[in-house]
Amino acid sequence: SAGTPSGGATVRVAVAANFTAAAREIAAAFEDATGDGALLSFGSTGQLYAQILQGAPFEVFLAADEMRPGLAEREGLAVPGSRRTYAVGRLVLFSAEAGRVTGPDALRDPGLRRIALANPALAPYGRAALEVARALGVEDILRDRQVIGQNVSQAHQFVRTGNAEVGFLALAQVVRSADGSRWLVPERLHGPIRQQAVLLEAGRQNPAAARFLDFLGSRAARKILRRHGYRAEPPAPHGPGGP
Amino acid sequence: MNAETIWPPIRLTLELAGVTTVFLLLLGTPIAWWLARTRFRFKEAVAALVALPLVLPPTVLGFYLLIALGPDGPGGFVARLFGERSLAFSFPGLVIGSILYSLPFTVQPIRGAFEAVGDRPLEAAATLRASPWDAFWTVAVPLARPGLIAGGVLGFAHTVGEFGVILMIGGNIPGATRVLSIAIYDHVELMEWGTAHLLSGSLLVFSFVVVAVTLSLQKKMGGRDR
Amino acid sequence: MTGSGTAPGALEVVLGGAVGELRIEAVFEARPGETTAVFGPSGSGKTTLLRAVAGLTRLSGRLALGPATWQDDRRGVFVPAYRRRIGFAFQEPALFDHLTVEGNLRYAERRSGDPEGDPCVSFVEVVERLELHQHLERMPAGLSGGERQRVSLARALLARPAALLLDEPLSGLHRTARAAILPWLRALGEASGMVILYVSHDLGEVVDVAHRIAPISSGSVTGAAPAAEALDRLPAGDLLSRFEAGSVLTATVRARLPALGLSELDLGGQSLRVPGAERPAGTEARLRVRARDVALATEAPTAISIRNVLRGSVIEVRDLPETPFAEVAVGFADQRLMARITRDAASELGLETGREVFALLKTVSFDDP
Amino acid sequence: MNAETIWPPIRLTLELAGVTTVFLLLLGTPIAWWLARTRFRFKEAVAALVALPLVLPPTVLGFYLLIALGPDGPGGFVARLFGERSLAFSFPGLVIGSILYSLPFTVQPIRGAFEAVGDRPLEAAATLRASPWDAFWTVAVPLARPGLIAGGVLGFAHTVGEFGVILMIGGNIPGATRVLSIAIYDHVELMEWGTAHLLSGSLLVFSFVVVAVTLSLQKKMGGRDR
Amino acid sequence: MTGSGTAPGALEVVLGGAVGELRIEAVFEARPGETTAVFGPSGSGKTTLLRAVAGLTRLSGRLALGPATWQDDRRGVFVPAYRRRIGFAFQEPALFDHLTVEGNLRYAERRSGDPEGDPCVSFVEVVERLELHQHLERMPAGLSGGERQRVSLARALLARPAALLLDEPLSGLHRTARAAILPWLRALGEASGMVILYVSHDLGEVVDVAHRIAPISSGSVTGAAPAAEALDRLPAGDLLSRFEAGSVLTATVRARLPALGLSELDLGGQSLRVPGAERPAGTEARLRVRARDVALATEAPTAISIRNVLRGSVIEVRDLPETPFAEVAVGFADQRLMARITRDAASELGLETGREVFALLKTVSFDDP
């Protein structure tokens, strides 16, 4: 699916690892729609940013946060004004055990030992989890019982393998499985988990790169996003600056 | 960056590397000895088995370890004896993961050294009524000392720098499983370059000293140039 | 070797097998307190045999030291090397390179199972006899070839074995050093009652040290005979024995002549002078006489430097094929002496069985290293 | 999962591990030789230096490598000679990173084997008019063969499983730098457990066969039990 | 060693230094075509000296082989071992364990710089002489001690050296094998014009192989003298020489007596019979006579098996301190013969300088291994 259709141009896209599944579908749809190809490279947002800084041949950057794309713009690595939020993540409190999570009270269960979350310093989902705990007044419980994954997919693995009974995960990770138990965290309990994209300098001359960025805001792409557990914002570019 | 956040990972890293190295030597030495001396036909298959964890990406290995250490694996069974759910996110869990991942680097040099000792000194020991156990400790181990030191050093260094496996099974719990390598990585991810450089630099210097000093203990035996 | 007549503590060897293309077939017994020389040319299987006795190489058959059975294939017994009370000096000294010379010796001593220390084999005496004092602190890697061999021998001794297995332990030593060590070693074996198997390719060495000789050739050992008998029996055409072959005479010390540095011995009523005035009168002396050193005369010679003239009669004259020589056996009382002279001389002197002759023995010929 | 996505990473991994192993041996053997034979006072410091990259977490090491290989580092300088911007994100870049990271595991067993050869055979060769170069190839290397094989195997296995460094300097670019370990990791991230298990399993079996067969080549020389 | 009189191709050794506590001080010359024995007790520095000559151990001083300077500290010259045309048989054979026996030999031959092969030292001949044919395919690890030594010697020879350095190369061989190899080795050296340094602690071996002897004791070598001279000169009290000390006589073959297996030699007009009828009449023969084998008489003896009676006169009588013996030097024409007899006998026979005596030599004493 990452192959290049003959005739069309190819765009190299750096994709935050947590967006892997959705990105693949979008790339396929993009190829069908435009005849261009998209070559996806996955990695952590921080790692991808460091690579871009060191001249990696990426043309579009789909980050898991809004900080790194903002930084890229400010550092002159990205085409000014190209930055936009392509997806908004939803946080979910999840357990692999059926019935364990029915609502926020699951966090207060005295028998609960481990709560998995992504590193709040690095990952937007982690930061959001912290905000939720604060809002619910269970900060202390979280501090005592937390196990931190480097990113949200590690937190997911902690929960899936049963090593942590519950965890704050991305809806995207569990949206397609029916097992376990979950509580979809209301968005009002935390700041928005905006995932931003940006056109990189390397892609300035590649019309396919702009087309890919545009395609992210298309109806087809937004449908895929929703199916994967993201909320799509209108395709209007955000103002400069970030968090 | 302050002392409070810097020292716990360093202490933990040294503890982990130290304990792991001890276990690596305790476990690796008999394995190496067996590999060096057995005439078992398929011993190279066993040797390959020891080296095998290497070929898996650490994060993947870590994932499988997570399953093994978890509530449904043998690790969970052991953990329940101590009233825990899982061996993951605990110091013993880290030690187990580190041992598995660094074992081949310890076994290999020790095996080589045992093989280089040859039959002769052991035969001589046997004729002096040293039991195999006695001869192992009083002849084979001292003669293979350079290999044991090299194995320990490589195991130590590899554990200090280990990352993927620990990341996977550690849970980055400050004071419990947040080792130096993860701390440095966090700083890199946060683009706190200064702190990252400083920690990396100190780690390099410290390790250099440890490794260089240990390796120097390999000093040759007596010896004339003949 | 049948069990009958086995001395208590004797080493009984019945081994067979093959190494490479060589078939080993060894049946003999070595007695306690005696040194048994395993004597044969290079490649004849000496090392292999010793290793099998030690339990380092596996041959099939039976091995026992007195009441202790070390190997018995029929009963499925095989005692590992470290449970056999042996000492082994390897042909190429296998010292522990990580220990000093003293460390090597103490290693053996500490495991000798004899915490008091056998008075026959004391650390101090062994070190002194083998001249190792000034090397005790050194590491083996810096020792000369001969020094390494001596350390290896000392270590084997300090294991205080019941069976001491020595594989050419002195091949790197000069004759004087050897001559000083061999009689001591022999006496040590006698005093402590241990079995000594002494591998050598040097008949001179063998004769000096051995009570019995077990000749080995092409892997085959058929028995150990008393040294005198074995020397006499060695095939005449065997080049190996040409130089050293001869007889062993047993005499009694009659008087000491300290002024001359000589002793006078009694050999069945006749007198004989040999170097050395240490042996007390009345004790027994064992003399090795090389056949090449004995001249014969049909009349008692005069005005000659040869002091020892023994009267006897010819028992046998046999030609040594492919040589210009004949060997003449001369009998005195119940002992016999071999003389090697040219066939030419034998016929000119008319030597034949029963003929009375005088055997001429230079005193100095008893002073061999 | 289909042939198109599975084979390129496998091919790439084998290529990378193969090329890296060759370079590891080419580079590691002289270093090991020097370490084994020199009387340089601070040789253990040099040995420690070789082992040092180990103590850095692979991603951190990868990060520094990224800078070194990038446009502002020496790698960029070299890259410009070939009309490129950076050595990172290229096959040569991966090879450089893998070599650095696996070098100690290759050097150590080879050094041990060279040390076990000892002076004697080399002295004998010298008296037979073999130059040091000649003796190295005709005496030292054949006698140290088991160590060379072990070093190659460890280097190969470590490169196959290597992950952090490659991810960092390679950039997970399909067909160019997306090796098997990264592909497996991607599948794990995607929760495509089936594919991940399958790939991991095949990798293990394949590596097991390679390692076991190679190690068996160490067969002992002639030898009687003396 | 002054440069004057240095034969072309001679090995000139002027070395000094210390190993451990031993001070080495060696000044001597070894001539091409000759075998020079370095002879001394264990630990006297023989191995160290050979290693220094080979360039494996560094002592200070000067070393040259003919026109090639190997070491000259004053000029800062030090040629590494692999650029010296040497062959070296180590005391503990250092065979290449990864090559077969043949591989070991070919390794040397291929680097001998003599692609045609020296006709004096052909592969086939060396293998045959050292009885290695049936071992060629084997790996060294399986060889017996004596077999390893022979391979090591063969390898050193096949390097076709200008200087052959042998460190107790035959200590693991029985006398017969040695006796077969030594004269061949000596002749090989003569034919090819190489310098041979032969380290040994066995005087018998030394006498058989050496043209010259360089005694070494406590690290000191003061020169190499012709064998006959050196034997005569060896300090009388030196225990080492007691057994083997003696003289070397040069005689001419007068006639062969094939029927008896003997040859008749002419020694300054007197006749002497020795074993072996191979040497053609008119050629020169070199005879070693041990002092212990010579008896003296003041009247010509009769009716005795000793065939060789040489008339001469006493040159000197000297006591051997701490022994019951005296050594008597007897002169014939321009040669001298040493006899060792008891002091007792010497005085009874009234031996003193100028006195006419008969020296008695058993034929068999020339037949030593």
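Structural remarks
By written order: A, B, C, D and E. Residues from 1 in each chain.
By definition in this document, a contact is a pair of C-beta atoms (placed from the backbone, for glycine too) under 8 Å apart; a residue touches a chain by one contact, two chains touch by 3 or more.
The structure presented is a predicted model; accordingly, all values stated were derived computationally and were not measured.
Path length between subunit A and subunit E in the chain contact graph, taken as the least number of steps between touching chains: 2. The most distant chain from subunit B is E, comparing centres defined as mean Cα coordinates. Per-chain Cα centroids separate subunit B from subunit C by 56 Å. The centroid of the Cα atoms in subunit C and the matching centroid in subunit E are 27 Å apart.
Our note on geometry: subunit B versus subunit E, Cα centroid distance of 60 Å, whole angstroms. We define each chain's centre as the mean of its Cα atoms; on that basis subunit A and subunit D are separated by 35 Å. Along subunit E, residues 20, 47, 56, 138, 142 each make contact with two or more other chains. Counting partner chains per residue, subunit D has residues 59, 63, 120, 123, 188, 224-226 touching two or more of them. Multi-chain contact residues of subunit A (touching two or more other chains) are listed as 47, 50, 157.
Against subunit D, the residues of subunit B that register as touching in their complex are 44-45, 47-49, 51-61, 63-64, 104-105, 108-109, 111-113, 115-116, 119-120, 123, 146-147, 150, 153-154, 157-158, 160-164, 181-182, 184-185, 188, 196, 200, 203-204, 207-208, 211-212, 215-216, 218, 225-226.
Every residue of subunit E that touches subunit C in the complex is listed here, in rising order: 20-21, 40-43, 47, 91-92, 134, 138, 142, 144-147, 150, 167-168, 171-177, 179, 201-203, 239-240, 242-243, 260-262, 273, 275, 292-293, 295-299, 301-307, 323-325, 339-346, 349, 360, 362-365, 367-369. Of all residues in subunit D, those touching subunit E in their complex are 120-121, 123-132, 134-135, 138-139, 142-143, 145, 221-224, 226. Interface residues of subunit D, counted against subunit A in their complex, comprise 4-5, 59, 63, 66-67, 69-71, 76, 85-86, 88-89, 167-168, 171-174, 178, 186, 188-191.
Here subunit E touches subunit D in the complex through residues 54-56, 80-83, 85-88, 90, 94-98, 100, 107-108, 111-113, 138-142, 155-156, 159, 165, going by the rule given at the top.
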